[in-house]
Structure formats: structure tokens, C-alpha cells
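Please find one structure pasted underneath; my questions will follow.
Labels run A, B, C and D following the written order; every chain starts at residue 1.
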Amino acid sequence: MTINYQQILDEIRREVSPFSDEGKVADFIPELALVNPAKFGIHLITTEGDRFSTGDEDEKFSIQSISKVLSLSLAIKFSGEKIWERIDVEPSGNAFNSLIQLEYEHGKPRNPFINAGALVVADMLISNLAEPKEDFLEFVRNLADCPEIDFNYKVAQSEKSHGFRNAALANLLKSFGNLENDVEQVLDFYFHQCSIEMTCRELAYSFLFFANEGKILHKDEQILTQSQIKRLNALMLTCGFYDESGEFAYEVGLPGKSGIGGGIVAVHPKTYSVATWSPRLNEKGNSVLGMRSLELLTTKTGMSVF
Amino acid sequence: MTINYQQILDEIRREVSPFSDEGKVADFIPELALVNPAKFGIHLITTEGDRFSTGDEDEKFSIQSISKVLSLSLAIKFSGEKIWERIDVEPSGNAFNSLIQLEYEHGKPRNPFINAGALVVADMLISNLAEPKEDFLEFVRNLADCPEIDFNYKVAQSEKSHGFRNAALANLLKSFGNLENDVEQVLDFYFHQCSIEMTCRELAYSFLFFANEGKILHKDEQILTQSQIKRLNALMLTCGFYDESGEFAYEVGLPGKSGIGGGIVAVHPKTYSVATWSPRLNEKGNSVLGMRSLELLTTKTGMSVF
Amino acid sequence: MTINYQQILDEIRREVSPFSDEGKVADFIPELALVNPAKFGIHLITTEGDRFSTGDEDEKFSIQSISKVLSLSLAIKFSGEKIWERIDVEPSGNAFNSLIQLEYEHGKPRNPFINAGALVVADMLISNLAEPKEDFLEFVRNLADCPEIDFNYKVAQSEKSHGFRNAALANLLKSFGNLENDVEQVLDFYFHQCSIEMTCRELAYSFLFFANEGKILHKDEQILTQSQIKRLNALMLTCGFYDESGEFAYEVGLPGKSGIGGGIVAVHPKTYSVATWSPRLNEKGNSVLGMRSLELLTTKTGMSVF
Amino acid sequence: MTINYQQILDEIRREVSPFSDEGKVADFIPELALVNPAKFGIHLITTEGDRFSTGDEDEKFSIQSISKVLSLSLAIKFSGEKIWERIDVEPSGNAFNSLIQLEYEHGKPRNPFINAGALVVADMLISNLAEPKEDFLEFVRNLADCPEIDFNYKVAQSEKSHGFRNAALANLLKSFGNLENDVEQVLDFYFHQCSIEMTCRELAYSFLFFANEGKILHKDEQILTQSQIKRLNALMLTCGFYDESGEFAYEVGLPGKSGIGGGIVAVHPKTYSVATWSPRLNEKGNSVLGMRSLELLTTKTGMSVF
């Protein structure tokens, strides 16, 4: 059975449009609030290299928490299973209570995709990289096959001036001995990592190696082993959407990761990688149209991991 | 590629045997503590009807929490999506805090596989079935294609006399208005449901419809729709193993459900259903050898949902 | 300096009257919701035996949680300091989270005035009294010097049919091994104890021994030792008003205890005991006019324990 | 009845000496761990100006959290009741969970004596004082009638380098909008305030105004109104000893405050102020010999507020 992805993306675009006023743009940092809420794009690339897209798929947006999957990939490349001594792999329950959970669990974050976990990953990268920010950026550029990908320094700065909760988390981690480097340095790396800007096209390609058994398509480069890929896909499925991870698994049924910039990326193992972007978020912090689009995608293709 | 399941099961049995003294048998109710801790069995059945097995696969054991998937299936058959008004689909975070989470979330259980959620499902069945216990048993017998499946009344009675924590949960649910029937009646149904005894062979067949697009193999009976099956598989993957659900997804990568009787059942969508039994549990309440066996199974076959 | 208590009570009555529409009557059980919300009474008795009063001071009302001080007194009479092996003496933080705290602290209630603590006290009395309910009633009648004091069986029955949260607490205590007797029996005793009805006059006299160094005034009967009285007064001051105990200490500055029937009793060590009644409650469950009246009393007399 | 305080202090010293090896010196910052654990002193001063003492009552120690009462007094002097819009007056339940409680209660600390509350008080002082640290020091010197009282800059620096948990709290407060000034500045003030060193003699005199209706003895200076004093005494009694406040009220029955430097100060309203010092702490962070000494003091004098 051949799937006509382009026709499906076109249908999705039509079918989600009645909901394009739902949700609101993230406004916790001024820079992010400036985005045009009407933007909407999808880009899907198969492991055969076929590309399909619709809407504003070629416009840059802030990938925010989606970067956590990329930083984790790099940390695993360096340190392998050892990283799980400092971070767990369990879903986190309530989004709001990261500090609470972190205190009860003595500074070991529940998983690498909650902020506390991503801060520990950032700390690991700082310890392992000669030029942490530059080297991480290079890693992302290579995955995306796009040398112009960059931080948005204004966004990074803006997060720094408003990121008191992340500073609280980093200090709490430090108090439990779960940060090796200075709190300031870890926060600086983390805010930069989140400020990376990419298009749907670039994002979909960057995540294609999760669908392609760990290899970058059309390159002879194995980023992670098949076993590592399987595990990261499992983590994305169970923990990728904050307090709505169960909902996403239930409705969509694919590993994926969202960011409060309105992006979502998802992969169908061995088949495709897809990125959506629409800035209006639901109350759990996930893109309204992105969630709907991916639900339609798995329904229309009849293909989820389940 | 053809997989030699029998050879793999034989290898698994050999490879897990060095760990057969790890963990301890559940002893919170006297009846369950009487089981022989050395028991170990696996039964796998494909959607083609091929069967493979090893060890004590034909011996009855208490399915305990595995029954929650079966009661949920019956509730969904009756009430469809409506049941999610009273139960959520999110992983629960910490196992120990079911009461705490239930109080913070005003009596709406996080998912149908924590005890609070299963009590609400039991309440729904009582409201919808003429003879709740008998009708549920009939449903299970039909799925397992085995008319002798029965409750263990001694185990049910034993749980009743010791189940103060479940009684606390049921009363708390009632105080929030999330039980329609009497607390006593709900607990009675729940303790009976958990006391059902099955063999690995029966259990694997009972869950085969989750791998077989909702249909009982070799019968012309559609239990749930394909869409419902996809969602239940997602739920099992994200919530099936208490506080170790993330670990199971990460290590094994299949939808599944464990019980403190030492059983685990898992499905590979469209491919197979497998049941393992070994009574020694790890500290999270999941069978030590069962977890290891299933991890080996997905590694050796190279097949998980990811 | 002689204090004109009668004049002060008259002033208080006038000064609180503008606030007589604030708050609402407890309605969690139908029987209690029937009370006339306009009722208001005060009765003060000094350790010299002088009595002062105003308003509906001679009308019966449901003492509810105020009974917890009396049951605790009887338990201490029997078991002395030993009871603190099963209950702590610390303020409880948030009212709403009794179940949560109880779970985190492994079934040892924070203090004897939260419901969990009072249930453990009830359990102790059942273990120590031949006819628990009758013997406790006799103890209260003696303190109040009033043989007609009785349970309101309708209220007790009503609480039983609606007391799911208390049943949850009792079952949780039982699951931690902190109840010796049957859950049902403990709840039955507790609901009866709370249903006792008294007037302000009777209540003030019942608590006078806390101001009178442990002795019932005009009787030669030492109920508790001076040291025990000091400690119970401390407990009332730190824990007597649910989540508003700090507020009461801060505003009023006397040991006391409130009940959701609208009663409050407070003592000035060595000086007086005072009971107020007004059924409208603030959001923390304490009588609005009662709190105001006692604040005015300590301000106008210039006498608190601080 | 005349009380022979000197004889009582001498007895206390004898009676507590068998316990002088219990507990351990605070070691969370290196500077504090250097103290001689065998130190023990008491100084009591009555509102008549009579002084009694024993042991190392004239040796300086780090007052630590005891400073929170002095900073609060100064804040109330400036801002009166308005400060309670940003801090509550309720006991805090568990010591360990300050971050948790703060998050649940949206950044409003439970009381001014937990660290979060003291940080908000520090923030208020910074907003109100021209030279915050110097002016606060001046206030303390005046209360103690001792111009050489000073910060220990080494201790302040040491706390700064290790105070990640306080930094976490301050950042969390800032994220909830409950700090006006920079996180760094608030922490700097707070660490200095805690580093103040005083002797038992100086400390007892500094707190005498709480027993002397708000006036410094032998000076014509009213620090706080009688009503404010009553309220602060109530706060010390309900919240002065971390998670052991109920225990202190129950065993000792006086308003007081402890510090992890091993100091405790307590007041008997209208009668005396007393300071003890002994560096070994129990597991709740309160001085073992200090707690015992004050319990003996109220037992032997027969005088507590209850």
C-alpha cells in the first residue's frame, strides 16, 4: 500500500484550519511573544528521502524544548548508559511540580525532558565539550545538514533575565550535588540551546536519524546505535509532551517532542520524521494545531507504533 | 526474515536462570505468599496462531493487576470514550502516592491502571452489568477461549481482609463523587477481578486481540475497534508498569501489563502476544525474570514498537 | 486591676454584629445545615466561679471537633505520655492534605486534633473503655456537670452516611497498623463523639479545668496533672484551629479549639474559660463571629498568654 | 513567691551534663563546623534587670536563624501589618519541604521564620534601608546595647559559596514576583544577617524587649507596640523551632527561636528573656542541651505561658 503523504498533508491543513484561533502564544518571555500566531507549517521526510510539506514549512522558529532531545543524543554519544546514574527515565506526572518532585527524589530528575533533567544533560555536555556552545551547535548543524543554524542570542538573553524558575532548579540540583559545573554556566548553555532556530524542513531532517536506525540519511554517519535509538524513541513517547505525554501517546501514538515555540517533531520508526509548527499552545504548553495535525496524520495513514 | 521464536525462548530461559534468586515474592496477602518462587514460564502466540513456550507455562497463577486491562476493555466496549470523563490517560509518576495524587487531582485517577483508576472502572462495570462478577468472568473466559477460568475466592477474601489501602482509595473516590455504587460492592468486585487465575498460555491468548486489530483469533468476534486497540496499547506502554513504566518502555519497548502475582503480558502490535510468569518481584513490584525475559525477547528478535 | 467582663462581652456583641452575614454554615452533612445561622452566644467563667454571658449562650449546638480535646484528655488520663508513640504534637500545615501528610509520615498523624489523630485517640479509648461510647459520654457529663448531655444520634448517623473521607483516613491508618480496632467501630465512636451537643455555658465549664490547673472547679477532682494541662494548652494553641492555628495564636493568643458546628472554646490559663457559638464559618472552617469575638476579648482585657 | 534563678541555672547545668555528647555540630558550612562542641552557656535577664548566668555565657557564637526575629522586628517597625500580604503566619509543617510548600502556595512563604519567609523579610529591609547591611547591624547593636556586634564576613562568604538551596528558594520567590530586589542582593543581605555573632548575655538582652512590652530596658525607646510584641511572641511560639515548634511549645511552653549555631533564645512575657548556647544539635536542627535546659527552666520555675 502506497501512502499519498502530500494529499494527506493538504487535507490536514484544511481540516485543522477551523481551530486556528484556539490556544495562545507563549508569552513568558517577551521575545517569543512577538511571533505571528497565524503561522502554520508541516514538513515530512521519509527514510527513502521523499519530502512532503505544506504552509510555512520554510520559516525559522525557536525550537525551545525540542533541543532537549538533541542535547541528550550528544550526551549519550559521549557517555552512553552512564548518564542514567544522574537522570531517570520515568514520566514525570505533573508538569507543575518539577521542583517538588526533584526535592522528594533527592535531586535526580525524573527524565531528561523535564527542565531539571535537561539541565543535568547540559552540565554533562559542558564537562565533555571543549567549546560547549559552539560544539553543540556544530552537532545540530550536521544533523540538520544546514550550516547556518544558529542561536538567537536575543532570545537566550531574554530567557536569562526571566528564567528564575530554571535558576531555582539549577541551584536545587547543585545543592544535591547533581551539577558539576557552575550554576551560571549551566544556565547559560541551557538558555542558548533552547534559543536555536530552525524551519520545519530542517527540524524534520535533524530527527530523521531516529527513524533511520541511527544514521543520518545520505551520509555515512551513524550518530547512535540502533539500540540507543530504540530507547530514545521510547523516552520521547513516554515523556516528550510534559504532562500531556499520555494524551499524545493515546491520540497520536508516535515518539515525539514539543517546544513552547509551537514546534512539534515526531518520528515513525523506520518510516518517516515529521515536523509541525503553529505558535498557539494549549494549556499544557503544546501546539494546538500541531497536536491535531499529528493525530490526523496517524489516523489517515493508519500507521502508528501501536 | 523468519524469526525462530522457539529457539529464542529457549535461549532466554537459559540466560535468565542466573538471576532466578533475585527479588521476592509478594507477601502483602498470605495467600499469594504461598506460591513456589522457582516457577518460570513463557508462552508466545503469533497472530498467525503459532504457539511457542517454555517452562511452567501451563500452570495457573493469580493475574492480579493484569485483570485491569481486561476490565477496562469491557468498560470501553460498553461506554466508549465517555469513560475518560472520570479517568485520565497520563502516567502516574510515583507509585506510592496514589492517594496523594488522587487528592490533589480531586478524585480523578491519573490512569485506569493505578488502583484508583481500576476501582472507577470496576464501578462502571457494576453499573452496566446485570451480574457484574459473573458477566466479567464470562468476558474473560471468552477472550481466553477457556470456560474453566475462575476467581480464586480464597485470594479474594484474603485481599478483602487486608485491603485497607484499597478501601481508603475507594472511600476517597466516593468522597469526590467518583463512585456511583457502594464502596463495599466496588471493593468486592475489584478483589474478585484481581483473584482470577490463568496460565501463561491462557493469558497470552486473552491478550492476542490487542495484537490482532481487536479481533479474537479464529473467532469472528471484534472485541474493540482498531482505533480503541491502538489507544489501549498506548496506555499499556505508558502506564502498564506502575512506577517502572518508563523503564519498561525504555528497555523492552512493547505495550504490556504486570501483576504482583508475577505475571507479565506484552503485545507486539500485528505480530504476537506473550505472557511470562515468575513470582519473584523487584522493588517496584514487577517480576524480575519477566522483565529480563521480555527485554531479551525484543533484543533477540530485533523487534519492538520503536 | 479588675476587669468588667460583662461590659466587655456586651461591647463585643455590639461590635461583631456588622459582620453577622459573613461566612456560611457547614453543609457537608444535611443535619448540620439546618441550624439558624443568626445564632450567637458567649459564656465566660472565671477560675473564681464568676460567670458572664450574652446571646444564645444556653442553646445546644453540635460541638463537633471540640470533642477532640475531651477525648484526648480521657486518653491521656488512661495512657499518659505513651499515646505520643502513635501521634505527634506538631502543627499540620495544610488542612486539606491530611491524607497526603498521613501517607508521607507513614500513618503517624501530625497531632491529635486533625481527623487522623482524633481517629487514633478514638481507637485508644475503644481499647481502654468497657463501654466506649457510654463511658466517654459519662466523662463529658462529669466535666460539664450536666447529666443530660447526649449524642445527637441523627447527626452521628448522617455523618456515617457521608463520612467517606474519614473512612478513607481510618482505612489508611489501619493499613499502616495504627488502629487496633475495626475501622467500622472506630468510625462509629468518632461520629458519635463529634455529635455531642452542648450549650456555651456547658462547654465553658467543661473546659474550665484547663484554666484551673487540671481540677474541676468546686469539685475535689483532679482530671489531669498540672504538667499535662500545660502541655494540652500548648497543643490547643499550636494545633487547635486547623490551618488557621497560627492566625488564631497571632490574633487571639489563647489556647483554644473550634468545631464546624460554629463553636469555639478558649482558655486563659489560671484565669478563665470562654465558649462562643455562631454557625457561620470562614473558608478555613472556623466561626467568623467567634474568631472576632475572642480577638476583641483579648484586646479589650489586654490579656493573652503573650 | 521569689524564684532563685541562679540556683535553678546551676541545677540545670548539672542535670544536662550527662547529655553533653548527644547530637552533632552543624557542618553544612565549613566555618561553623570549627566550633568547640563542648561549649555551654546560659544567660537570663529579668524585666527588673536582674541577671543570672552559667557557663560560657560570654563567648560569641553565630546566631544564624535567631537573626530572623530581629530582621522581622525591623521590617514590622517600617511596614507594620502590610508585610503579611507577602508572608503568612502559619506553622510550616515539614521542615524539609520548604520548596514544595512554597511552590504549592504560589510563592507566599508560610511564615517569616522559614528561610523563604526570612528572604522576603530581607527583601523588604533592602527596599526600606539606605544602607541595608549597616543599618540592620546598627539596629541589632542598639537592641543589644553593644556597639561591637558585627557580621562574621568569613561565615557569610562561606554560606554564599554553599547556599545553593537558599539560592533556589530566592529564585523561586523571584519567579513568583515575591522579591523586589535582585536575587544576589537579597542573598547577600541574608547571609550577612545570619552571620552575626553574639554572646548569650548580648542575645538575652536583645530579646528582652519582647518580655518588656516592646521597650528596651533602661532606655526610653519603644521598639514595637505591645500589640506587635504579643503577635511576635505568638509567632515565635508557633513557628520558632522549624519542624519541632509543636514539641517546643509542648515541652517548654515559651516563645523562642533557635539557630543552627546552637543558640536558643526564649522569653517569658513580662518576666524574663533567656539565651542558651550549646553547639550540638538534634536531628531537627535544634540544640540538644538548649532544649533540655529550657524545659528544665519552665519545669523548675513552674512558669510557662500555659
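Annotations
To be clear about the criterion, a residue touches a chain if its C-beta (ideal position, glycine included) is under 8 Å from a C-beta of that chain, and two chains touch if they have at least 3 such contacts.
All figures in this text were calculated on a predicted structure; none of them were measured in a lab.
Between subunit A and subunit C, the least number of touch steps comes to 2.
Over half of the residue numbers at the interface between copies subunit B and subunit C are found on both sides, making the touching surfaces mostly the same. As a whole-number value, the distance joining the C-alpha centres of subunit C and subunit D reads 32 Å.
Between subunit B and subunit D, the centres computed from C-alpha atoms are 55 Å apart. In this assembly, the C-alpha centroid of subunit A lies 48 Å from the C-alpha centroid of subunit D. Shown for subunit A are the residues in touch with two or more other chains, namely 104.
Pairwise, the chains that touch each other are A-B, A-D, B-C, C-D. The part of subunit A that touches subunit B in the complex is made up of residues 88-94, 101, 104, 110-111, 227, 229-231, 233-235, 237-239, 243-247, 249-251, 253, 255, 269, 299, 304-306. Put simply, subunit B touches subunit C in their complex at residues 96-97, 99-100, 103-104, 164-165, 167-169, 171-172, 174-175, 183.
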